[in-house]
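Look for subunit A in each of the two complexes below; its partner is subunit B in the first and subunit C in the second.
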Partner chain A sequence: MNGEAILPYLIIIPLFGAFSMPIVSLAGKKAREAWAVLISALTLVVASAVFYHVWDTKEIIVYTLGAKTPFGQGVDFPIRIVWEVDLLGAIMALTVAFVSLMAILYSIGYMKHDTGLDKYYTLILVLELGMLGIAITGDLFNFYVFLEIMSIASYALVAFRNDTWEGIEAGIKYMFVGSIAGSFILLGIALLYGQYGTLTMGYIALKILENPTVTAKVALALFIAGLLFKSGASPVHMWLADAHPAAPSSISAMLSGLVIKVGGIYALARILFSIYTPMGHVVVLKSYLQPYINMTAVGWLIIIFACLTLIIGNAMAVIQTDMKRLLAYSSVGQIGYILLGLGIGLAAYGTHAGEVALAGAIYHTVNHALMKALLFLVAGAVIHEVGTRNLNELSGLAKTMPKTTFAFLIGAAAIVGLPPLNGFASKWLIYESSAIYNPVLGAIAIIGTAFCTAAYVRVLYTFFGRPSERVANAKDPETSMMLPMILLVLAIIVMGLFPWQISDKVMIPAARMLEQFRLEYINALMGLLGGA
Partner chain B sequence: MDVMANIVYPVAGLIGIYAFVSLASLVWEGIDRKLVARMQRRVGPPLLQPIYDFLKLASKETIVPNTANYMFRAAPVLALATAIALLAYTPMGFEPLLSSRGDVIVFIYLLTLICFFKILGAISSGSPYAKIGAAREAAIMVSREPAMMLAIFAIMWRLGKLGVEKPFSMGVFYQHNIWEIGTPLSFVGAVILLYVFVIWLASEIEAGYFNIPDAEEEIAEGLLAEYSGRYLALLKLTKALKTYIAASLVVSIFFPWGIAGYLNLSGLSADIVNMLFHTLKVFILLFAVQSVFRATTGRLRVTQAVELLWKNVFPASLIGTLLIAMEVIM
Partner chain C sequence: MGLIVKTSARAIIPLIGIFGAYVVSHGHLTPGGGFQGGATIAGAGVLFLVAFGLSEMRKHYNKHLYSALEGLGGLVFLGAAMLGIGTAFFYNTLWHNGPILNGKPGTLLSAGFLPIMNLAVGLKVFTGLVSALVAIAMYRRWKS
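Take a look at the complex of A and B:
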């Protein structure tokens, strides 16, 4: 199987699906839903094929748009847009495609009382498209375009129920904050382009290695600021706590499971490791007393935000009475763990602890996408059936909605990190590496988990209590809503049964590829030069 | 052959141990009731009374409240299943069946999970009495575990320094023990930790001071208020198993010596003799911690118990841990 041949379909299929949606919608409601499911299922097939190819060959796929190689006639630098997919990108693409399919399946039942659904399905496919684009792109401006595609689709989807006050309020908040963050990133890209004259990630990396200027540092600061906004890290997480509860639950599942990870964490990892490669800076340049960018300091910066994020996010989750708001704050807390892994991966670069931390961060990204998607889908089912998000009114839900609460039980146990489920292994990798690197960080991570446990035990305490009048007439939702939940529960359990195999065979290789000990990301691009 | 060694033998061993422990722990309960009765100048029930109780409960009609959800039925089964799984990680006079690096965490996790399932089952009944009992159980659980975890991790870490093949495993205690370090500091530290573990054991098995979550007189059996028939039988059996397991932990940390070596036994017969000797030690420990403690003290209020665990036991654990660690650190 040829990786370069199948990669474009990852964009072509959802793009075609989204653009043809208004026409297909003319054929009626059923056709519209079937089309959305079909398109996202096909995307999942392509994403699986891409993932399998990268995982199997351990090679980075480089795809050039419009020509055989990215290099122009007679010049030795890339002039075309390239897509570069390493194992991390492939993992993200697979996760995005899987969770999006679940969310679209779920929407069939969940959104049937809403109007304007042709726009809804178009937007959800555009959202998926944007995230897939971010995961596979190797071009900085192309990255920005996909980031904006993703962001604008999610602004629109947060405010989709525009007859509710909170949808509009959250949408406006999210849009203002997100646009500012996006403009930071654009400014960073402009600075890098002005300084180095290229937008291809691999080639900029080479240029920064040769000549790390102040401009590059300013651009890095802008990228970090913008992407921490997008990922909902702590001082700037306020949009998230409003946007996630206000959005339809299928969208909350995608926002919390995917958008903050692909648009925030993944992009941050890509920029920190692939453009500002710590390898070159630390080992080579330091020993020759050349100027370099101190990536250890950057790592510590991320770690500080991570610690803030995981304490504030999890602690705020404990005191919520709104179910979806609780889940949103819990997402902030879990982003803290992922950032902690990323930060340690950067600060402890080249050591065993750093590699384990990075693998843990990648693993937790995938796991959290699955379990938070599940939890938001459960919350959606509860809202759909009972009509309230207030936890105080939802006492005794287990009596009338047994399957839904069971799914919640599994999701909550996984997110706390109980051993037979998938959250355990990924959190364990992060605890272990942080305890090795700096015991204080390990202690902070444990405190975060204690808060997280308290928050979820509180919800379980409510769900399994005495049935209140409000829930007396509720029942489990229809099949199209149950099916995605069941599939996610299965995914969580199956992934939980083989944690160390997954970690050794997928996550550690992904971390190694990202670390670029032999500048793989740059070489994959520049290696094409000879063949031109 | 690999399948035999990895799957068949452990499963057979687990079934054997489960059969033995459920019998032994129920018999212990009979002995305990007899001893307490004698201390109060009563005759007391026959030794096998808990087994008769178990059979009678199992044959009774089981009533499920209207307000109960599926967890009410699932929790007793899950609790017992967890207890049985825990037996595979419990030192029984010989190395646990599934001994591996770091399995101390599995042990603590499963032991806590039993309590958690009990709590979940109780709140699932919809009865306010059970809910109060569950809240008390949770408060005490959160208070008692940190002292124990600190102590056990410190001991494991210290024994790991003496050179063991599987650090932080429950099998470590049969290679080295805490007394053989032999210095005055470590001796004092070990005695303090013994105190910590004895109080922990008393609160784990809810004896004496700590008979709080199930307090019959105050909140009508608390956690178990709504359970009857088969489910109650399962929960009683789980409690008996948990008593034995928790006491096994303390015995294997502080008194791990076996007698098979003196009798020149080896192989399976050595394991059986050691297991019987271990059971004797468990009974002696439980006599002190359960029977005597139960007969001589009343219960505390829940606030007093939490205060005792945080202000007395946890600092003791901290001091004992520091004393044990001091020689290595300095």
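Take a look at the complex of A and C:
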């Protein structure tokens, strides 16, 4: 199978689905639901094919829009938009496509009492499209466009239930914060473009290696600031704690599982490792004898934010009484783990601990996407059946909603990191590497998990209590809502059974491709120069 | 609005529409293009809404039609981008081999799929902006 031939369909299919949704929905309610499910299922097929291709060949796919080669006639620099997919990008694309399909399936039952659903399904496909675009793009401005597509779709979806005050409030807050973050990123891109005159990520990386200027450092600071906003890192996580509870639960699952990771963590990893390659420290000093940007310091900056995020997010989760707010703060806490892995991967670049930390971060990104999607879907089912998110009123759900409670149990056990489930391996990699790198960081990570455990045990304790009057008439939701939960539970259990195989076969190679010890990301692009 | 405004609007709306259509269709030759032209034509729609009022607009505006046309604009854009998928996404096969649209540069039929894309974007921007403004104009009442 040719990876380059199928890659554009990752964008074409959701785009086609979103554009045709207003026309298809003229045919009625059933048609648009079937259409959304069909489109996202096809996207999942394409994403799996792309992932399999990249994983199988261990090569970076470079796809040029508009011609066979990114280079113009007679010039030796890329002039066209390229899409560049390494293993990390392929993993993110696969996760996005899978969780999106689950969320869309779930929406059929969950959203059926709402109005304006043709817009809903258009927006959810556009959201998926934006995230897939971020995962595959190799062009900085293209990245910004997809980031804004994703962001604007998610603002609209957070405020989708515009007859509730909290939907509007959260939507406005998210929109203001997100737009400011987006403008930071745009300013960073403008600075880099002004300094180096190109927007292709691989080529900018080469240019920064040749001439690491102050402008590049300022742009890096702007990127980090903007992307920490988008990922919900600690001092700027306030929008997240409002947006996730207010959104419809299928959207919370996508926001928490995907948007903050693809738009925040993945983009950060791509910019830190592919544009500002830490390898440059060695390469530049050797060949040009001038100081490169000190990426160890950048790594420590990320580690500091990660530790703050870890403690604050998880600690705030313990004291919540609103179920979805608790899950939102828990997402902030888990973002802290991923940032910690990323930061150690950068600060301990080139050592075994750094590689393990990076692999752990990538692994935890996927795992957390699955389990937080599951937990939000469960929360949605509870709200749908009982009509409240207040944990104090939800005691005894295990009696009346046994399947849902079981799904929550699995999700909570996985997020805490109990051994037979998938959260264990990824957290273990992060603990191990942080303990090797700096024992204090390991201790902070453990404290975070202690808070996280406390929060989830509290919820489970509520669920298994004596049934209150509110939950007496509740029952498990319908099939279209149960099915995504069951599939996510299965994914969590199956991934939990083969943790080290997945780590060795997928996550470590992904971390290695991202670290690019031989500047693979740049070479995959520039290597096309001779061959075309 | 008063009689003078309505009469002027009657005269000006076609002119704005024609100028917008000119900007859209000459997007590959002169400054402007799909977005600018589409926004100009949407300006004609806004003038209609302001001059003749919401009740008159309701008679001439069909939500489903505008929504479907907006989708159609996007689909045409995507379709034009897919014409050269054999080489690459967005490969301008109409310019390199195409039947009509590969004339001498500087003439109207000279830019491959660009005129098609400009028309599609113009349609999408026009219908999208008009739909958005009508939806805002129709928004329930001032108080709750």
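We take it that the second predicted complex is superposed on the first by the 525 of 532 C-alpha atoms of A that agree within 3 Å, B and C clash if a C-alpha of one lies under 4 Å from a C-alpha of the other, contacts with A are read in each partner's own complex, and residues count from 1 in each chain.
As a working rule, a residue touches a chain if its C-beta (ideal position, glycine included) is under 8 Å from a C-beta of that chain, and two chains touch if they have at least 3 such contacts.
These numbers come from a predicted model, not from an experiment.
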Exercise for the section: In the superposition on subunit A, see if there is space for subunit B and subunit C together, and answer fit or clash. Expected result: fit
Exercise for the section: Once the structures are superposed on A, label A:T64 by its partner contacts, choosing first (subunit B), second (subunit C), both or neither. Expected result: second
Exercise for the section: Using the touch definition from the top, say if A:F77 reaches subunit B (first), subunit C (second), both or neither. Expected result: neither
Practice task
Classify the contacts of A:Y193 with the two partner chains as first (subunit B alone), second (subunit C alone), both, or neither.
Solution key: neither
Exercise for the section: Using the touch criterion from the header, give the chain among subunit B and subunit C with more contacted residues in subunit A. Expected result: C
Exercise for the section: Check whether A:W300 is in contact with subunit B, with subunit C, with both or with neither, and answer first, second, both or neither. Expected result: neither
Exercise for the section: Could you tell me if A:M21 is touching subunit B, subunit C, both of them or neither one (first, second, both, neither)? Expected result: second
Completion exercise
Rounded in steps of 10, the angle in degrees at the Cα centre of subunit A between subunit B and subunit C is 160
Exercise for the section: Applying the touch criterion given at the start, work out whether A:L460 contacts subunit B, subunit C, both or neither, answering first, second, both or neither. Expected result: first
Practice task
After the superposition, pull out the minimum Cα separation from subunit B to subunit C in whole angstrom, please.
Solution key: 45
Practice task
State which residues of subunit A lie in both footprints, the one left by subunit B and the one left by subunit C.
Solution key: none
Practice task
Sort out for me which residues of subunit B touch subunit A in the complex.
Solution key: 67-71, 106, 109, 120, 123-124, 126-128, 131, 138
Completion exercise
Residue set of subunit A touching subunit B in the complex reads 396, 398-399, 402, 405-406, 418-419, 457, 460-461, 464-467
Exercise for the section: Could you please specify the touching residues of subunit A with respect to subunit C in the complex? Expected result: 8, 11-12, 15-16, 18-23, 26, 63-68, 118
Problem - Residue numbers on subunit C that touch subunit A, as the complex places them - result: 64, 67-68, 70-72, 74-75, 78, 82, 85, 87-92
